[in-house]
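Below is one structure. I have some questions about it.
We just call them A, B and C in the order they show up, numbering each chain from 1.
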C-alpha cells in the first residue's frame, strides 16, 4: 500500500515521497524496507536517526527530526494503531453457520458461527457478529453488531453485550456471583438473578470471568478493556474507558469511575467507591474507597531474599521501634537536649 | 406468591397481613410494591423505616421496628436466601441428551446433557444432573445427584463429584498437578495418578482449576465454596464449609481445617497445616502453618504513590534504622539519661 | 513388575532381591507391600527405617541405610519420576478422529482427535498427537510429535507448539495481547499480529493464557513448565527450563533467562530483563530488571491481624520515623554523647 493511500484513508499530513510502498509496520529498531514505524518517545531519537524503515509517523514537533517519508499527526501511537489495522485486516472464518453448530435462534445472514458452537433460544444477534468454534451463548443473550467472540468463551443466559465487543477465548460472562448466607457452619447459596451488561467497544481477555449480579446487574461501561485472567465479581460497575491489566480482581459491588486503570494483579475489595481517573499500581491491594483521582500503591519493595529477610524481620517489631524512639525523644527533652 | 404461602413453605413467624402478594426480592433501598426485603444490620434502621417493600424478613429483636407485613426468623439473611430460591427457581435446559452431545455411558432419564457436551466411558451419573453444552466429562468420573455443571467445564478422568455440586463455566477439575523432578537443568514430569474427590454441596467458580493428586487424592470437603479464578494444587485438602474468594491460590499438599475463609487473592504456600476457623485476609501470603484459629494478614498498607515512595524507600533501611535506635539507647544509658 | 525389570529399563544399581514384585509407587510413610518408594531427604531417615515399602530408590551415600531391596542412583527423585511413568502409562483415548470432531486438515493416522474438537485449515500436526474433546485448534497452527492437548484448550491461528508438549484443559495459547493506544479518553485497539512460539517439552497449565505477540512473537523456550492460572503477556520471552507456579503473571515484553523460577502469584512488570537462574519468591512483585542470578522477595510478613494492624499503622509514618531518629542522632552528637 502506498504511503499516500494510507494518508488518504487515515488522515494526517504527508511529508516526503508519498509513492513509497508500505507492506507492514515495525518498531524503529526492527524495521526494514517496506516498513512504517512510529516515533513518539523523545528518548528514542537515536533509534529514529538509525531506523531502516521506509516511512515514519510522528508529531509536528518532531517532523524535522528525520528526512524519511513521514506522516505528521498529533497522536502518532493512535495513528500507528490504525495503520496496523489497515495493513492487517482481521482474518475470521467465512460467514455462515457451521453444520456442526447447534443454533436455536434465527440469526442475520452476516453472522458467523463456528464448528461445535452452541447458541441458545431467543438470542438477539447483531450484524457481522463472529462466534468462534466451541463458544456457548445462553438463552436470551443479546450481542451487538460487529462483536467477535473467540473459541470456547461462554456467555450465560440473559447477558447483554454491546457493539464491537472482542471477547477472547475461554472468557466467561455471567457466571453466578459468589453469594452465600451463613447458617450454622453451612453456606446457603443465594441464587444470582441479575445479569451482566457490557457496553460498546469493550474487550474481555482470555480466561477472564465476569459474574452476573445478585439482584441488580454487573455493569461494564463503554470502551472498557479487561486483560486476561481477571475476576470481576457480582454487581461491580466499571466506568467508561477504564482498563485493567492481567490477573486483576475486583470484589463484589465495588464501583469504578471513568478512565481508571489497574495494574497487573491489583486487587480491589468489595463495596468500595473508586473515583474517576484513579490509577492503581500493579500488585496493589485496595481496601478502602478512593475518592480522589491519583495514583495509589501498596507494594512491599523488592530486594534480594537475604536483605529482605533482615528488613522483614523488623516489620513485626515496627510498632515497638516507634515506641522506643518516642521514649528517647522524651528522655532527651527532659534533659533539654535538642539539636 | 402470598406472604403466608412463603411462611408455609419456609417457616418463620408471620406478623401482619399474610395475604400480600410477593413477586420478587430486593434490598431495602431499591424495593417497591410486591418486593420482600430483609433487615439484619442495625446500622440500616433508617432504610427499614423508609423502605417501600411490601414485606420484610427480620429477627425477633427487630420485630417491632416496622409495621410492614413481616416474617420473624432468627437468621433473616439465610431465610432471605431461601426466598430468593423459592421465587427464582433455576432455569435449566429441558431434560434429555442433546443430539449433538457425545455420550459414551448410560445415564439416568432425569439427566440433562447439552449440545456438543462430551461424556466419557463408565461415567456414573446421579439423578437430575445437568451437564451444560460444551462440557467434557472424562472416563470413570462420578457425579452425585442434582449436580449442575455449567458450559465448557472439564472434569478429567476418574474424578469424583458429590451431590448438589455447582460447577461454573470454564472450571477444570482434575488437571495434572505441577510435579517435576529436576535432572541437570531439565524438569522430568512426574505422572499425576491421584484424583480429585469433591464432597457434597460444593461450588466451584468460573475458570477455577483443581489439580488431581500426585499419588493420593486432592480432597475438597463438604459444603466448600470456591469462587472464580482459583488455583488448588495437587494433594491439597480443604476442610468442610471453608470458603475462598476469587483469585486465591493454594500450593501443593497444604491442608485446611474446617470453616476456614481466604479473602481474594490470598496465597497459601505448600505443605502447610491450616487449623480450623482460620481466616486469611485478602491479598495475604501465608508461608507457614497456622495452628491457631484467628485472622491473619500480610498486606503493605495502601497510600498515594508519592507517600508510598517515601515510606517504601525506608523499608530497605529498616534493619539499619533499628540498629541506629539501639545505638542511641545504649549511648543514653551510658550517660544515665532515661525518662 | 519385578524390581530387576525396572533396573533393566531405567538403569541404576540393584542391591538386594531383584525378584520382588512392584505394583505401584508410594511415599515412605504410606507405602505397603508391592510399593517402591524413594529417599533423598536426610531428615526423613526415620521414615526410611520404618517404611513398609518393598523397595526403595536412594543415593549411594545412603545405600547402607536400609536392608530393603533397593536401586542406587545419583538422582533418586528423577529416577522415581521415571518409575511412576513406567508403572502408570498414560491412558489416552483410542487413536483416530471422532465422528463429531470438525477437522479441516489432513492429519497423520497416529493422531487422536476427540469428540466435538475443532481443527482448522492448514494445521500441521506431528505423529501421535492427542487432541482431547472440545479443543479448538486454529488455522495454520503447528503441533509437534507426541504432544497432548487436554479438553477445551484453545490454540489461536498461526501458533507453533513443539514436540512433547502437554497443554492442560482450558489453556489458551495465542489470544490477543493487551495492546491499545490512548486517543482522548478512548483506547484504540492495536491488532496483534505476532504469534506464540512454544519450544519442545513444554507444559502449560489449566486455564493458563499465553498472548500472541503484537508484531514479533511471544516465545516459550524448551523445557519450560507453566502451572495453572498463569498469564503470559505479549512478546514475553521465557528462557529454557524455567518454571512458574500457579497464578503467576508476566507483563508485556519482559524477557526471562534460562532456568528461572517464579513462586505462586509472583508478578513481573513489563519490559524487564531477568537474568539466568533468577528465582522469584511466591507473592513477589518485580518492578525492575534483575541482572544478577539469585533469590528475590517482596512480601509483607504475615502476622495475626491485630499485630499486623499495629505494625502496618507505622508503615505510613516510617519516613517520619527515620527523620526523627536522624534528629536524635544529631542532638546527641552536638552534646558529644556517643556510646
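Criterion: a contact is a pair of C-beta atoms (placed from the backbone, for glycine too) under 8 Å apart; a residue touches a chain by one contact, two chains touch by 3 or more.
None of the values given here were measured: they were computed from a predicted structure.
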| item | value |
| --- | --- |
| Overall pattern in which the protein chains touch one another (line/ring/star/complete/other) | complete |
| Type of chain B:chain C copy interface by residue overlap (half), same or different | different |
| Euclidean distance of C-alpha centroids - chain B vs chain C, Å | 25 |
| Two or more partner chains touched - positions in chain B | 100, 116, 134, 152, 170, 207, 229, 247, 265, 299-301, 303, 313, 315, 317-318, 321, 325, 328, 332, 337 |
| Footprint of chain B on chain A - complex, ascending | 100, 102, 116-118, 134, 136, 138-139, 152, 154, 156-157, 170, 172, 175-176, 178-183, 185-191, 193, 207-209, 211, 215-216, 229-231, 233, 247, 249, 251, 265, 267, 269, 281, 284-288, 294-301, 303, 307, 310-311, 313-315, 317-318, 321, 324-325, 327-328, 330-332, 334-335, 337 |
| Chain B-touching residues of chain C, taken from the complex the two chains share | 25-27, 30, 75, 77-78, 80-82, 84-85, 88, 90-91, 98, 100, 114-116, 132-134, 150-152, 166, 168-170, 201, 203, 205-207, 223, 225, 227-229, 240-241, 243, 245-247, 258-259, 263-265, 282-283, 299-306, 308-309, 312-313, 315-319, 321-322, 325, 328-329, 332, 337-339 |
